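Structures follow.
In what follows, chain A forms one complex with chain B and a second complex with chain C.
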Partner chain A sequence: MRTKATESLLHVVLLGWAALVTLPLAWAVLSSLKTDAEIFASPWSLPDELRWDNWARAWQEASIGRYLLNTLIVVGGALVLVMLLGALTAYCLARYRFPGNRVIYYTLVAGMLFPVFLALVPLFFVVDQLGMLGTYHGLILVYAAYALPFTVFFLHAFFRGLPTAVAEAAFLDGCSHTSAFFKVMLPMARPGMVSVGIFNFLGLWNQYLLPLVLNPDPDRYVLAQGLAALAVSQGYRSDFSGLFAGLIIAILPVLAAYVLFQRQIRSGLTAGAVR
Partner chain B sequence: MRHGKNRFLIGALAAPLLLYGVFVVSPYAQAFYLAFTDWNGLSGQAGAVGFENFTSLWSDDLFLSALRNNGLMLLVVPLITIVLALFFAAMLTMGRSDQRGGIRGSRAYRIVYFFPQLLSVAILGVLFQFVFTPNNGLLNGVLEAVGLGSFTRSWLAEPAWALPAVMAVMIWAAVGFYVVLFAAAMESIPRDVLEAARLDGAGRLATFRRITLPFVWDTVQVAYVYLGILALDGFALVQIMTVGPGGPNNSTEVIGLTLYRAAFTYGEFGYASAMGVTLFFLTLTLTAVALRATRRERVEVA
Partner chain C sequence: MATVTYSGATRIYPGSEKPAVDKLDIEIQDGEFLVLVGPSGCGKSTSLRMLAGLEEVDEGSIYINDTDVSNLPPKSRDIAMVFQNYALYPHMSVFDNMAFALKLRRMPKADIKQRVEDAAKLLDLSDYLGRKPKALSGGQRQRVAMGRAIVREPQVFLMDEPLSNLDAKLRVQTRSQIASLQKRLGITTVYVTHDQIEAMTMGHRIAVMKDGLLQQCDTPRTLYEKPGNTFVAGFIGSPAMNLKTVSLTEAGALFGDVTLPLSREVRDAATQDGGDQQVTVGFRPEHCKLGAEGSGGIPVEVDLVEELGSEAYVYGHAAYNDSSERFVVRTESAHVPRLSETVYVVPEPGHEHVFHASTGQRLN
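== the complex of A and B ==
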């Protein structure tokens, strides 16, 4: 049915897009290892020698290292918080009948329909009044709050699908509600937790709008924000190569995670879209 | 046996609901209220101005450019992304009806295509600002290398090209995700259906139109809504990539940027909230229309 010729043609087209995807990234890696003069001379040329000092300069002087640390703290904190609260909420809503259950569920899920821009102005003042502008804990709480709707929505369906018999048996064995959740139900929900965890990690890692508004202190900048600030500021023209290096350093953790968990990441994210 | 249920529920739900109430529900509720005031953040009290903020939106050139640009993005970005993604997904899953099943290297293609989806919009903005840089950028470099030097230009500085450049970045980053999504949907088409079509003498194009497309239509519908929401945003890319920001002659102004500037540069918080409310209703309309329009079409196809 399929001839060799059509198959080759298919590969040409498919490789074309693959090249289009990789070229900008490969070019950025190459540029991060050149001197500014080499970058200006030609976008193509290979560097005379690999300038790893660009990376060191980006890490130190352009504070990419600090931004990375800030990001790890904020995203890590928010991730733990939203997974814990999201799983608890989803479990209670999925497994217990009580007045207000539906109202709470729909209020949470409705949060996914609203554009964040709508909340931006009042959110700024809420965080300001709580004295949390530009603090780690302020950002962690806001990140967790905005990741909560999807987390609950996804895990709600997951807890619904788990067999009831196991929980019943746990109660017969004298488990309290709390330990039934932590010792029995949560471990059973692991696949769902992993999917939604990956989804949340990437979503929070890539946040730009929220930190831009709520995190004005340059010492606390997260990676995306710090990188954009460097690129937008006037001074960057003087250090092209350093900025390229910063860009690559910012991409590397995500790339590493993708290489290690590419199957889980793709299925986690696409599951998030279809839901 | 099940004692302590209420105590458990209250203990479990108090923290998440408090968090959600303070940081999500209350800001959204306040936004609808602020949109009808002239609050500038300084005066202790916000004066009610009725619909004045909304009526002045319609004579605000900046907001109208933003609306026009987002509208254009809404027409172009989802359409091109979905067509490209369907095309590549069909290629990756082509030939499933014969023994070999799928094209060679199908997995590897998916791994590569998907990667841009993982990049933060900020990283995309910085990366493509470099790509479009006139003197030493990648795009002009490529054009010169293949002998199209006359096409080189200062992409982000020309009003006619700045917005297409931004849209190209959105499409570049989104296509791979939908390739993976559509390819998975296409793989769930029962093999005997495809085989029956082949035995009936249906060509590739006919099979795609009559069988593949109707089967994945639900997924396309979801993709349309997501891409539409993406196209109504564009804030980060525009703010980082284009001059101003907002581009030459406001050619890349988007609603998010107008809102951000009104609020955090000029302190017009009531006015900015009115833009937020408008954006909300646009999103809602888009979702409703996309779901309805595509549903009708689906019946025709089936």
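== the complex of A and C ==
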């Protein structure tokens, strides 16, 4: 039983937590609308006037617009690929018995535990020798492979939980294995697909290490790389307001995804915990 | 319109020695309503799923009409199935659930609409065609599952305990609806249940199964009047038949001091095949009377009386041959004995069922 005291204590902790998360974000937004002088002189004050030109500068001069487009292409492509492959793999592993089923499944699960740092150097040579260094498709393939184990692991549990009888009903209604998957089972797995899709989107959007190693072409930089480059170069020119503006632009899509899909994200976190 | 034939059909689950269904032979006539009944784990559902193509046929074959369907995928068998939990497509509306199979067959849209609406009317679902399954009650979901089968106009209907998720009253109501619907459509139907009352009331014929083996397949009346072995005798009828294994004498079966006379042929048959001077005799609760002391009945001490209004069941025990045997007798509610009273149970002559003591096969 929760008493009033623990309830209020809980709220105090949660309020503190919320402040911890929200305040830096709010501060960054405010700073992106100030001049550099304001940022240094009175870091906590509100801006005298809203300087949207910081945003325009970041978008154009610092190429944040281009980085955003690059990121959308790479993350979007990887997302489509990994969801398709992941759903097919997870479905087969979850619902069909065949020799090697468990080996494949546990290999994928082990892939989830494997630290990506250890794979960076060999991965660089593989991608280089394939001639895909600094290309969209090279990065898309690596991203997809990177996200596949978690996707399969998550959807495997989801497909397991779907009632067998519905698939059987589909077979009796005239479905082949393929059409039963696409017409019946996949739509039923939609909540799981949305959850894992959002997780993948957020994870890949924030990816920095992989593009740092595999994507050396400044024209193809993704946002995380672009921001890092911006931080380095602007550091000397001390255009902090532009840096903050770029940061906020990079955060916005992720923030939008959280706001739009927060219900799915929450249900995704607890999926499989209770049937 | 189709006949269905199980010919030595056997299913052995992987990792198991014992067949779940063992050499099943049943011939189902065109338009017949056959009920597969038995306790859980008897293989009745497996038999149905073999016919559906959801389980493999390891030995023997299954024919629909003259086609061996044993190795055909489910979609090529032209059968429709109603599942125990209905297995509706949760992401589709009621209309789409029913239309799904027809759409897969690329039937013209107007025809699909016509058929679905006809079925919906028949099942009183017309107002719910736009709803998703989760917005329906249990009974409505059950009817959607029926509708999904009906619109297909399949060769064979399969039903796997379709009523077990309904409450008691709705179950009785839906039971008669399904039976009359089947009569009207005239489509060969195989129906699985563990409920012998469902089986008795719905089936043209009933196949009783136990441990993967077919025990008896006959009309409800024959199963009731002439059960082929002790299992069927005990399974069909509620409350269950009084089945007692007792000593066999020159005169008949000996219940303590009371002898139930048996004919010469029956007595001879009972002694064959290691009968060991024993015989199993059964009589139904409704086929015995409560007599007075000295009426030649078996003395039974009353433990419990169930009053059902129109009648009453008297449960009691009789002590003979060093053991205590339980008996059930149906009686008119006007003459209900008191608890602990001793009553005398007199089986009605001509209604006794006699079985071999070791093989359990019927002798009379």
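Note that the second predicted complex is superposed on the first by the 241 of 275 C-alpha atoms of A that agree within 3 Å, B and C clash if a C-alpha of one lies under 4 Å from a C-alpha of the other, contacts with A are read in each partner's own complex, and residues count from 1 in each chain.
The rule is short, and it goes like this: a contact is a pair of C-beta atoms (placed from the backbone, for glycine too) under 8 Å apart; a residue touches a chain by one contact, two chains touch by 3 or more.
This structure is a prediction, so every number in the text was calculated from the model and none was measured.
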| item | value |
| --- | --- |
| First (chain B), second (chain C), both or neither touched by A:107 | first |
| Chain B versus chain C as contact partner of A:184, first or second or both or neither | second |
| Chain A residues touched - chain C or chain B, whichever exceeds | B |
| Partner chain(s) touched by A:23 [first = chain B, second = chain C, both, neither] | first |
| Which superposed partner A:192 touches (first chain B, second chain C, both, neither) | neither |
| Contacts of A:77 with chain B and chain C, given as first, second, both or neither | neither |
| Partner chain(s) touched by A:172 [first = chain B, second = chain C, both, neither] | both |
| First, second, both or neither for A:242, with chain B first and chain C second | neither |
| Touched partner set for A:163, first chain B, second chain C, both or neither | second |
| First, second, both or neither for A:134, with chain B first and chain C second | neither |
| Chain A residues contacted in one complex by chain B, in the other by chain C | 171-172, 176 |
| Of chain A, residues touching chain C in the complex | 163, 165-166, 168-176, 179, 183-184, 187-188, 190 |
| Contact set on chain C toward chain A in their complex | 52-54, 73-75, 79-81, 83-85, 87-91, 100-101, 104-105, 148, 152 |
| Chain B partner contacts - residues on chain A that touch it in the complex | 1-2, 7, 10-11, 13-14, 17-18, 20-25, 27-28, 31, 39-40, 42-44, 85-86, 88-89, 91-92, 96, 98, 104, 107-108, 111, 113-115, 117-127, 141-142, 144-146, 148-149, 152, 171-172, 176-178, 181, 202, 205-209, 213, 223-225, 227-228, 231-232, 240, 243-244, 247, 250-251, 254-255, 258, 262, 265-266, 269-270, 273-274 |
| Chain B - residues contacting chain A, complex | 1-2, 4-6, 8-9, 11-13, 15-17, 19-20, 22-28, 30-31, 34, 41, 84, 88, 91-92, 94-95, 97-98, 100, 103-105, 109-123, 125-131, 135-138, 140-142, 145, 172, 175-177, 180-181, 184, 198, 219, 222-223, 226, 229, 232-233, 235-236, 239-240, 255-256, 259-260, 263-264, 269, 272-273, 275-277, 279-280, 283-284, 287 |
